[in-house]
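Dropping the structures in below, format is structure tokens.
Here come two complexes built around chain A, the first alongside chain B, the second alongside chain C.
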Partner chain A sequence: MAIEIEPEKAQGPSGPVHAAPGNSKPWWARPAVHTGLIGAVIGYIIGHWLGNLISPATAGVSSFSTGLSDVRNWPLVLGYVFGTIGWLAGLGVFNDLGRLMLGKPLPDAEHAPAGGVAKYFRYTLDHKVVGIQYLFGMTTYFLTGGLFAMAIRTELLSPTYHVLNASQYLMVVGEHSTMMMMMMSSVVLGPFGQFFAPLMIGSKRMAFPRIEALAFWLTPAAYVILLSGILLGGFPTGWTGYEPLATQAGPGMDTYALAFGLMGISLILAGFNLIVTYINYRAPGMRWSRLPMFVWSMFTVSFLQVLSVPVLVAGLYMMLMDRTAQTAFFTNQLGGSSYLWEDVFWFFGHPEVYILALPGFGVVSEIIPVFTRKPLFGYRVAAAGMIGVSLLSFFVWQHHLFDSGINPDMRPLFMLTTELISIPTGFIYLVAAGTFWKAKITFSVPMLFAIAMYFNFLIGGVSGVFLSDVPADVTEHGSFFVMAHFHYTIMGGLIFAFMAGIYYWLPKMLGVKMNEKLGKWHFWTMFITFNSTFLPLFALGMMGMPRRVFEYQRNLQTLNDWVSISSYLLGVSLLIFLINLIMSTLVWRVKESGNPWRSRGLEWQVSSPPPPENFERVPVVLSHPYLYGVKDAPPVADLNPPVGVVASAYASAGLEA
Partner chain B sequence: MSEATATPPAGLNADMEEAGFYHECALNGSWTASRLAMGGLSFLFGSFLFAYFYLRSLNSGGRWEGSGYHAPSMIMGTVMMLMVLISAGINYAAVQRIKAGHKKAWQIGGVIALLLGLATISMQIFELLNLPFYPASSGFASVFVGFYPVFIIVVLSAMIWLETLLARSRFIPGIAFVEQPPTYEEAFVVQRFQASVSGFTAIWNYLAVIAILFWFLFYVI
Partner chain C sequence: MAESQAPTAAAGKAEPNHAVRIASIWLVLAIVADLLIYFVWQPHLPPGRMSDNARGQQFDITVMAVLCAPVLLGVWTYFGYALVNWRRRAGDTEDGPPIEGNGKVQAAWITVTSLIVLSLAAFGTYELIVPAGAGGGEGPVPIWKPSGVVTTAAWTPGSTHTLVVQAIGQQWNWTYRFPQFGGMETTGLELPINTPVEFHVTSLDVIHSFWAYQLGVKADANPGVDNVAFVKPLQLGQFVVRCNELCGIWHGAMFDYGNVVTASQFQSWATSIQTKERANGTLAALPPYATTYDPTEISQLGQAWAKLGIVGAGGYYYPGPQTGTPGDPVSP
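Up next is the complex of A and B:
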């Protein structure tokens, strides 16, 4: 929690500049993934030993607390906790903290030349490197979660013939859903949010680069811990971790709580850093009214993360305490309540839905003015819509409990708040419609994905309004209808926006352009197979197909088979994307150093990939980023302002030389 | 753009200008970060507050406190709460001294605040290991056993922060707190340090309020 402002270049220019540590050492002696792994193993062994030491001490507690879980996974839980600390220590995360505790100055590691590909495997402080680490990290998450989805669909090919047994099926569902939810929370905020946060606001740096890098390096640990749950029998609860099932479940449940908790901490840290950066590191002239929509989306989402995710972390911690220290937060007969989990979880869980939705809208709002060559219609309305959605998202969580036996008098209130949230969401659609109106649209790959995002999210959103009605929700709760709804909003919305973002921003991030032809193949196959996979799920849900059940009525087989085959084809489509990504970035490498989309975005005003310091000088922002097609529109920024202009922005603080 | 017509101060060059700009960003960032951290922590502690009132009002199975309930030691709880309170008070008073240019006085106050914080942590661990109830004996016991480890971790993080400030202060000449240092690099170091001390003080005062709140919940009502 120690908040430390980095001694940055401002410590110079004539003052001492401390070299990055250990640059003279051979690669194997410098902190990187391999030392992290060694640290993780050592940490796990220590934690496991400590857990075994503690376990007998809690045995008496267990005998007292009849009705609680028999599982006392101190060795496992402490093994993972210490393993994660060891992983971070091995990566060198705590080195600078140690220096600070000794009163030593910090090295200028942020701007130190890290060299080649190796920097992607290190605790690197450059936000651009962290963004690319996130890009490949989250893609790995996504593809792994996708393989679990394939396994689910394979099992559902037949109502009676089984590839997986019941518990294996639940395990696969749990792994798929949790991994996807963890990934989706970071899939835009990580790669694009971290990479473009300073570039879009005209800054050379993040507020807390160490916190930013830490946020990323927690995600591989969460990934490994979650996957290790398979070896422990998985967990039967899905991503919602409902009590009392979670307390009764085997040791795989601990991996759910630990992995999700680590990802939660990562989200809090990433959001924290972004908020401080956006508020304080904007270039002169970058007023709130000139902020790109993507930055607005990241800003609002970051607030949701900093405020709602601590509640999730607290809930997961309570779950772990119930399973190790034998507390009884969620055990009704011992003074706890399983409803407590549902409230805590969904207090996070519903803002989480908008943590997933808003970044997608941010990405496409950035893209559509470029390819319509029109100013973004109703800029202020769009910003207000994002703020409105964020605020309202804290007041709707009980709609997830409509069918759980809550006081029926509470239902109309939460039905109303849920329906209200469609109004600011409608603002965002209004903005898109106004921008598209009478525009000459260029149907490039990013634009195709952006349009598809609006289409898919509309289906997801309208079905969401339908579900917010108590009678409809009570009927469809727990069915495939609900599943179709949220897959349309999350995959149809966020993942399509993520794809739009990759095709749009990859030339900026890596200086190479993705293959357009393969991109179009990817788009059309993904758009068709996505809808072919998820649209029938609405019908299946209406016909009574329940979620999380591996056997179903025979009359539902035809539709299920259709969905399964479509999902395989969707997998093939994603394979096209993967081939395009790998070949374009590693093999073909068609250079793109300029501004291929003729965007006015500040990030496009520098070379691609951006120079190490982002900008040669602190830029001065002169106009709005969306003045497309406006005659005599001023340039977006002066990248080389005369000396004195920037100083005047902070002259009131009396800091002139 | 009025700034576009600004006249550069004599002797100002681009590097100095940029250094000053990011220095100002960092100072403001420190203020924002400490307040934002309080917001996030409020939701973290708020979860336990919610659990407390939820389980208390529900009194599931008549086991909010349960039969044969033994309260935790009022004396110990009060002493720990007072130690956090005194630590925050001493730190606050010491910060007023450093603002007046007395570095040594702040260091002494800081060390006392640090020791009191660490002593609180030790006492809290001792209490958790010697409770008169099992964690699963009641809703109250669960919230109590669940809350304090989290509070200990947050307080420990704050104490590590304070220790880094004390360590850094050793390398800043006392005179720099009294009069403007000769170079702007040195002035920046002092201002950064002061911003960090200010941020820490805000957080530590906030944690003192949290300590009082939960003391009231767990020991008084």
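Up next is the complex of A and C:
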């Protein structure tokens, strides 16, 4: 086991800092966002030129989807690919690789010495900096996606089209859905997963800091590429990218494939890094049975990402080949199959929705013991639930295809697996119910959001049972019912958990408190408007309104208008959050350095914000993090173990220290 | 894991029996909710009672609701009770009772949820297989068919023979072909009441989904694939046909209405169209009826249609090489 146990040895990102070669340069000559942008532009120009060079060779090839877009695809696709490489090169991602190849010594510190704000705009290797970068990045992506959602609702104020035309409407739907589904996969895993992975397991660092930073810096590229689709007319497929519509679509479709692909690579890298970190970098005494629930959720989610996202990336690659090199993976008339995309996409897509759900379970399971002042009820059941959900999530994907005509005789099996997955999901409720029993509940803002998450996810989960039943699904499939269902699980589950996490952990991450009064305003407005927005959608779907349409039956207008107005109010609520976040972190800056929630979590045992190396010495974990109210419970960890005590314990057990 | 005593037994002597209180509140709520759902709400639940499938789906949705309402109410009652009764009093800094788990409660929870889930799966499977696919698309070779129905080359009213209807999705409307009426093609859909209908759903371009909401029929239309679904209309009246799979910019406008009529009305409607199409040469111009069509051949047909003055979306039966900007409807 490669557990780092020598407290003396500097292993943290800011070990003994030697003057790195580039540090003497002025700020504008050092790699950061601005050099990244220059690199992106140069890369795009090179790729575009290269694309033009090779595209005449395929321009004449005719296929089922022959259209003008085909000849424009090579320059665009290669432009984005080279632009992304240029962006990363400009950020300095490949600098250390170059030094290694040239046999030059690496700068000793794994990142530049802790600077001020500038470090947040650089390729910084400290997991705490990456966590903050993710926090502000994900908030930006989420709010952008939310604006698109309000545009959708504006169009749906009227049963015919009045604001957006048919093609603009689909563009907005595509941008909203893809932004939310692909970027929000990292909404908890990015900010909290990266920031707290080492802190919660008593490590000074992540296993692969460069991969971690790379995973983050791919997300702005994916964000910009996806948004650039607007300039290219958008893409008409929504986030599911169904073929052969995607082959038929204009150049905006390439932005979908490239952005989703880049985000997929980011997810694979981040998940891989977390798995290795959790397995190898746990502090002595951090047994699997003492792992915080949040770490369990991140661990299982990481496996889902590493195993399922490559399938998506492969599918997107096939899509891009169909659109540029005129292959025919998905064109029926040329030997391909439109079912192939559906299968490949949902084989990723269903684990994906649990990639979006499990982090939420982790966050709330972490929060409720603190605010009920009780141990987490049924720790093993909670961990088993997460493992069970992640295993089963690979066996349910064809429930998205119940009416498609593919494998119709397998429908009873997929109905069974889909319904089975509600058993491990139910464990999360068992754990919460046990934890709340005779508790001493404090209604802090994080706790309110956690309770709301249980409330919302229950409605999402129960509506999922309706969808799993094939006969009932014949009516509900592809309707607003499905839409309401997954917004309850993702927005009502994941995003509420994300908010709980921000209010809970921001004092730890930045050393400043969120304003509690605004926080409560934010909570109550968001909880009420969220339910007011999405609950009527169940009824709309049941009454026959399909997803992604700009026209609907006239008798459904009242409900749709109600939903639209609620969605604007939901936007106002998120504005309160944004004001609170910006003012609290940048302007008011009310200091919080201790442990305001009296949490036993290992991450709360160090100062806020955590010192550069997280722990002065690698701690020795002594007990479970949830032993609230247990008499004579040992502290969660010895943060200052005597020098050599760990090594000698290992030596006496015959292990190599 | 430290197994503490059962929560109910842990209650102090002065404390009320919380478990009994919660269970009583829940039982009353659950019984009232289930009775309301079953007897009051069921007749109004979608998708209505227009066909055998619709009735089956309405029953399934009712059963789901009857089973799920107690679950929802149970969780809400429990947590509502907890939030009201077990809050921290001001100035209280003590921790709560250290209950880390309870083997009996956990075992009971897992048993009950497993039983609910397995019975739901068994129920759903029965409701899928016995009504022959419950209106969902069953692929080219359906393994669950309605029993005792006969398909013949011609269909006449009064017989119990199956009426075969092909629904062809194309950007952005539906057309229907009737092989028992010479393969004639219509843009509207009429169906005879009390007659078993066999839908063959296919597409000429991208994936669509044929959703006859009131009939409880939904089957994806994949290019080059024949997707079969069964239905038996049981009430006269109008139904909505919507495309249920995103198929391009006018997906939102890809809907029309169909009618369930009497068998003799249907017969006269169908034969009149057949006669008209034979007279004006449409039947001769149509490709022979098949379960799937290759659109690269149909572009020839498009020319024939255009010559006859019969045009589909944007002027062509099937768009030829696109000339406009991507996404625009193609003009001739």
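The definition used in the following text is that the second predicted complex is superposed on the first by the 608 of 657 C-alpha atoms of A that agree within 3 Å, B and C clash if a C-alpha of one lies under 4 Å from a C-alpha of the other, contacts with A are read in each partner's own complex, and residues count from 1 in each chain.
The definition used in the following text is that a residue touches a chain if its C-beta (ideal position, glycine included) is under 8 Å from a C-beta of that chain, and two chains touch if they have at least 3 such contacts.
Source: prediction; values computed, not measured.
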Item to complete: Pick one for A:50: touches chain B only (first), chain C only (second), both, or neither.
Response: neither
Worksheet item: If you stack the two complexes on chain A, which partner ends up touching A:240: first (chain B), second (chain C), both, or neither?
Response: second
Discussion item. After the superposition on A, what does A:402 contact: first (chain B), second (chain C), both or neither?
Written reply: second
Worksheet item: Touching A:479 in the superposition: chain B (first), chain C (second), both, neither?
Response: second
Item to complete: Go through the superposed model and pick first if A:373 touches only chain B, second if only chain C, both, or neither.
Response: second
Practice prompt. Would you sort A:317 into first (chain B), second (chain C), both or neither based on which partner it touches?
Written response: first
Worksheet item: Now for A:250: first (chain B), second (chain C), both, or neither, which partner does it touch?
Response: second
Practice prompt. For A:429, select first, second, both or neither according to whether it touches chain B, chain C, the two together, or no partner.
Written response: second
Worksheet item: Which holds for A:204: it touches chain B only (first), chain C only (second), both, or neither?
Response: first
Worksheet entry | Set of chain A residues, in rising order, touched by both chain B and chain C | 64, 68, 332-333, 339
Worksheet entry | Complex contacts: residues of chain A adjacent to chain C | 64, 66-69, 161, 166-167, 169-170, 233, 236-238, 240, 242-245, 248-251, 332-333, 338-339, 342, 372-381, 401-409, 411-412, 415-416, 419-420, 422-423, 426-427, 429-430, 432-434, 436-443, 451, 454-455, 458-459, 462, 465-466, 468-475, 477-479, 542-544, 546-553, 626-631
Worksheet, complete the sentence: Per the touch rule above, chain A residues touching chain B in the complex are 1-15, 60-61, 64-65, 68, 97, 100-103, 203-205, 207-208, 268, 272, 275-277, 279-281, 284-285, 306-308, 310-311, 313-315, 317-318, 321-322, 325-329, 331-337, 339-340, 343-344, 617-618, 620, 622, 638, 641-651, 653, 655-657
Worksheet item: How about chain B: which of its residues touch chain A in the complex?
Response: 1-4, 6-9, 11-30, 32-34, 36-37, 39-41, 43-44, 46-48, 50-51, 54-55, 58-61, 63-66, 134-143, 145-146, 150, 154, 157-158, 160-161, 163-164, 167-171, 183-185, 188-189, 192, 195-196, 199-200, 203
Fill in: Residue ranges of chain C in contact with chain A within the complex
1, 7, 10-11, 18, 45-47, 53, 56-57, 60-61, 64-65, 67-68, 71-72, 75-76, 78-79, 82-83, 86-89, 92, 94-102, 105-106, 109-110, 113-114, 117-118, 120-121, 123-125, 127-129, 131, 133-140, 142-143, 201, 205-207, 209, 211, 213, 216-220, 222-225, 227-228, 240, 242-253, 255, 294-296, 321-322, 325-328
